[in-house]
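Have a look at this one before I ask anything.
As written, the chains take the letters A, B, C, D, E, F, G, H, I and J, and residue 1 is the first residue of each chain.
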Amino acid sequence: MPSQPSKELETFQNPHPGRDYEIVITAPEFTSLCPVTGQPDFGTITVNYVPGPRCIELRSFKLYLWSYRQEGAFYEDVTNRILNDLVEAAAPVKMTVTGDFNVRGGISTKVIARHGY
Amino acid sequence: MPSQPSKELETFQNPHPGRDYEIVITAPEFTSLCPVTGQPDFGTITVNYVPGPRCIELRSFKLYLWSYRQEGAFYEDVTNRILNDLVEAAAPVKMTVTGDFNVRGGISTKVIARHGY
Amino acid sequence: MPSQPSKELETFQNPHPGRDYEIVITAPEFTSLCPVTGQPDFGTITVNYVPGPRCIELRSFKLYLWSYRQEGAFYEDVTNRILNDLVEAAAPVKMTVTGDFNVRGGISTKVIARHGY
Amino acid sequence: MPSQPSKELETFQNPHPGRDYEIVITAPEFTSLCPVTGQPDFGTITVNYVPGPRCIELRSFKLYLWSYRQEGAFYEDVTNRILNDLVEAAAPVKMTVTGDFNVRGGISTKVIARHGY
Amino acid sequence: MPSQPSKELETFQNPHPGRDYEIVITAPEFTSLCPVTGQPDFGTITVNYVPGPRCIELRSFKLYLWSYRQEGAFYEDVTNRILNDLVEAAAPVKMTVTGDFNVRGGISTKVIARHGY
Amino acid sequence: MPSQPSKELETFQNPHPGRDYEIVITAPEFTSLCPVTGQPDFGTITVNYVPGPRCIELRSFKLYLWSYRQEGAFYEDVTNRILNDLVEAAAPVKMTVTGDFNVRGGISTKVIARHGY
Amino acid sequence: MPSQPSKELETFQNPHPGRDYEIVITAPEFTSLCPVTGQPDFGTITVNYVPGPRCIELRSFKLYLWSYRQEGAFYEDVTNRILNDLVEAAAPVKMTVTGDFNVRGGISTKVIARHGY
Amino acid sequence: MPSQPSKELETFQNPHPGRDYEIVITAPEFTSLCPVTGQPDFGTITVNYVPGPRCIELRSFKLYLWSYRQEGAFYEDVTNRILNDLVEAAAPVKMTVTGDFNVRGGISTKVIARHGY
Amino acid sequence: MPSQPSKELETFQNPHPGRDYEIVITAPEFTSLCPVTGQPDFGTITVNYVPGPRCIELRSFKLYLWSYRQEGAFYEDVTNRILNDLVEAAAPVKMTVTGDFNVRGGISTKVIARHGY
Amino acid sequence: MPSQPSKELETFQNPHPGRDYEIVITAPEFTSLCPVTGQPDFGTITVNYVPGPRCIELRSFKLYLWSYRQEGAFYEDVTNRILNDLVEAAAPVKMTVTGDFNVRGGISTKVIARHGY
């Protein structure tokens, strides 16, 4: 089954919908391109959420992150866009997305966006 | 005394029932099978609880975790099922079960389910 | 001056009774015997308290912990008993005793008991 | 494009103004001069903020920190001045600036200043 | 300029009196004598405070800590005395002093005293 | 493509046969059964080798390790057997296999077997 | 000055050719594609060399590593190819290239290739 | 099967006698009594050996270490005695025993004894 | 006594000239300017030497490193120049100078130069 | 039994004189005075030796180190003097003394002196 980068996020039915529980997904292999210089950026994306009716399917989330590989993306914007896309796909009770980006010019940057708090 | 994997959880009488205290059990040798690919998954199960009338007997908990060794189990489901089984067996005042699963496809996943909070 | 294991805890007068301050005592050399198998158990006992009229004398606390060396002791029970003995000896404003016990059967256990919270 | 140290901070329009999210910038290469002895001081400056209408542009922040390289600066004062300058430039909803300075005379010092809390 | 151990603490005017900010001073080279055995004790003194009208001058604080080098000092007492002396000298809005003392007899001790909370 | 545990190791042609270089493979998810008690054992298998005409194919090595999941295996024996099987399959110039097994009865064990040194 | 991924490595004249000294370059942001699945791989490339007449220019080495971003590359092959390209470009007295690749299928791999030893 | 502390070390036949391989056993729960003060000492015993005709059986080694629990033992002597007893029981090709003992009086001690080097 | 950056290194007479012993000096606060971009570089300079007739005076070495603060310096060159200057000043039996420079463009660099080996 | 700082080192008879084994003593609570400024210095003294006819008695070594508390001592000199005193007292087969001293002026220093190598 060939895999392709894709912005489509798949979900599956929450197996325990009657309970508020947390899921934390850590993806340390995020890479995109700097929109200003065109050079690669690297970082770790962490998603922390309380699922609503549906959970995020991990393989599709991997392909989703892959889809940023050749795209330009500002740190502040991409972290919020990932949050928006995940919220739209899975309608979580609440969700936090953290983008922790590698040192550039001696400075590292982290962006933390929340939905439903 | 031969040991066997078993879903039966044993408990013993809480020796200090008049006080709300916490017990934290950390089991870093949990393994089950992925229901999709059939391949082994690995993780750490942590149980944090305030005991009610009974405490969880550790040897039976070890055999209980062993019982997942050849079973298919989704991360989100198995963490909640362990919580349900422990709550049914020991009726704790409150309990958290955390499943912290190893990297698959460059992504690691943690599931945190709570009862009685 | 010969030292002997002893269950008697000595205390001294709190030198600053007008202020609520914390004292944290960490004893990583606790050992007792498993009441089921008779084999040695090992762990770290941590005491965190706000003193009342009296403070716990450290040398007597060391001899007190030593007194468990050849005694059978369940994790849940011994942590609560240490708390009870310290509370009786020193009447703290509040106190937490934590017993953090080494891996047995691939599982480690921590017990956290509080008084006065 | 030649770079110069500069006290002018540039900002850009917050790409997600409708959501309160956090940005954390860590700059471990801050250096200034001790106003008393004239000798170099070293530290890490961390900025944690919820952006208002505008975000801090990272390259200009790097040049801003560089501008302290040959200036005398007391720890307590410089941390607050950086906060003041960033607040004036970007009008954040809230912001914390932390200056964590290296050991001098066997003692290390951290200064934490907050705006909007 | 010869330096001498001294109980006199110097202060300087708070450069940003209109804002509640924190200063954390970490001094890992504290040593005094045990009042019972006369032998050296070692520990780390940490001061965390919100300055009032005046800040603690670091060089004088170093000489102040040095003044305990040949003095007998109980852990519980010396931590509270340092807090009292700093409060008297600088009238902070609030202050915490922590004394974290090295292992003696297999046991380590930490004392945490607060003013103004 | 369904995966199955298998003792068959696949290899591929060494892409740089003219140079002595090292390959280090670290597999922290090894599990077998204790031949005495029947209970699960866990450990990390590390293979360090200089390839001869052929290199070890990683996916088949994963399936090979999986084949021990329901087998009894003594630490000393299984480490040497893995070395023998890898040597037979790939004829390396030299190879070290290390089995680093988890704590049992308060004791951890590591076995290091070498070929061609 | 726009940057582009490029296989051309630039060098500069060794400023101290009369002395055998070592240079260690660590590049933790290497990424290529798996030639079998097409999915991204990630790793750290470390180069350790004693320069001959010329040293490796770091900016061009960054662009060189970038050139693998959309290329298929086996771990064993790419590590040796990087060594070959660097040796051809800079004629070092001796050089080691290490590729330390992230976990795939629960297994991580490191390849260490040497020239001139 | 009741367990008792015992100085008798059991061994089993080396399953791979034709190869020189290493076995490392780490036992962090060693405790004995100080022959001078009678108070408990604690440490980690590590055994590193190349087996001869026989290997050390781990359960009996655990009971062997337990046998020191109520015995007086100087660090230098006990490390060498453990080496002597293991050499006599298993006739290793070579063996190192390390005793790494906890801080006493602000000083920690390690003893490393070798046989067959 | 005002301090100034200075290229003059002071030395003092080796107090134990009859014995070959090592001195290791670690200076994590080195900063210079990039000769290409003019921007600040940061790193740690470590000196490891066996003294000959004279030892390096530490205060003068601090002022010596300070003298690079506003100078352009390539990593490879500055590490060798520091070695040359120290060798000329102190005539050590042997000496290693290591420059460990911070990440630039996702890549960190270390230079290790030796004299007398 | 009152303890006093003392330059007299006591020894005891080597319990296993027929074997060359190592003893490592780590003392992280060394403090003396800087001979230039008179201010306290702090460091860790490590002694690594193969005993000859006699071993170093630890309690007397503690009192010996204490004897430097109010003495001026240069790093290079004191490390060698401790080695000389220990060699004279215990006539070891070989011995290394390491003095690892805390940061002063942003620079830390280690001195390593050997006898009998």
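In the analysis below, contacts are C-beta pairs under 8 Å (C-beta built on N, C-alpha and C of every residue); 3 or more make two chains touch, one makes a residue touch a chain.
Worth saying up front: this structure is predicted, and the values here are computed from it rather than measured.
K.L.:
Need the most distant chain from chain C, centre defined as the mean of C-alpha atoms.
P.N.:
Ranked by distance of C-alpha centres from chain C, the top chain is G.
K.L.:
Would you mind checking which chain's C-alpha centre is most distant from the centre of chain B?
P.N.:
I
K.L.:
Just give me the whole-number Å value for how far the CA centre of chain F lies from that of chain J.
P.N.:
46
K.L.:
So, what's the distance in Å between the C-alpha centres of chain J and chain E?
P.N.:
Distance between chain centres, rounded to whole Å: 30 Å.
K.L.:
Indicate the residues of chain F shared as contacts by at least two other chains.
P.N.:
Each of 29, 40, 42, 102, 104, 106 in chain F touches at least two other chains.
K.L.:
What pairs of chains are touching here?
P.N.:
Touching chain pairs, listed by label, come out as A-B, A-D, A-G, A-I, B-C, B-F, B-G, C-E, C-F, C-H, D-E, D-I, D-J, E-H, E-J, F-G, F-H, G-I, H-J, I-J.
K.L.:
Using the touch definition from the top, list the residues of chain D that touch chain J in their complex.
P.N.:
Checking each residue of chain D against chain J gives 40, 42, 102-104, 106.
K.L.:
Where on chain A does chain G make contact in their complex?
P.N.:
Those in contact with chain G are residues 2-3, 29, 31, 37-40, 42, 66, 69-70, 102.
K.L.:
If we count contacts the way the header does, which residues on chain E are in touch with chain C in the complex?
P.N.:
Contacts found on chain E: 74, 76-77, 79-80, 104-115.
K.L.:
Using the touch rule from the top, collect the residues of chain D that touch chain A in their complex.
P.N.:
Interface residues on chain D, with respect to chain A: 14-16, 19-29, 51, 55, 58-59, 61-62.
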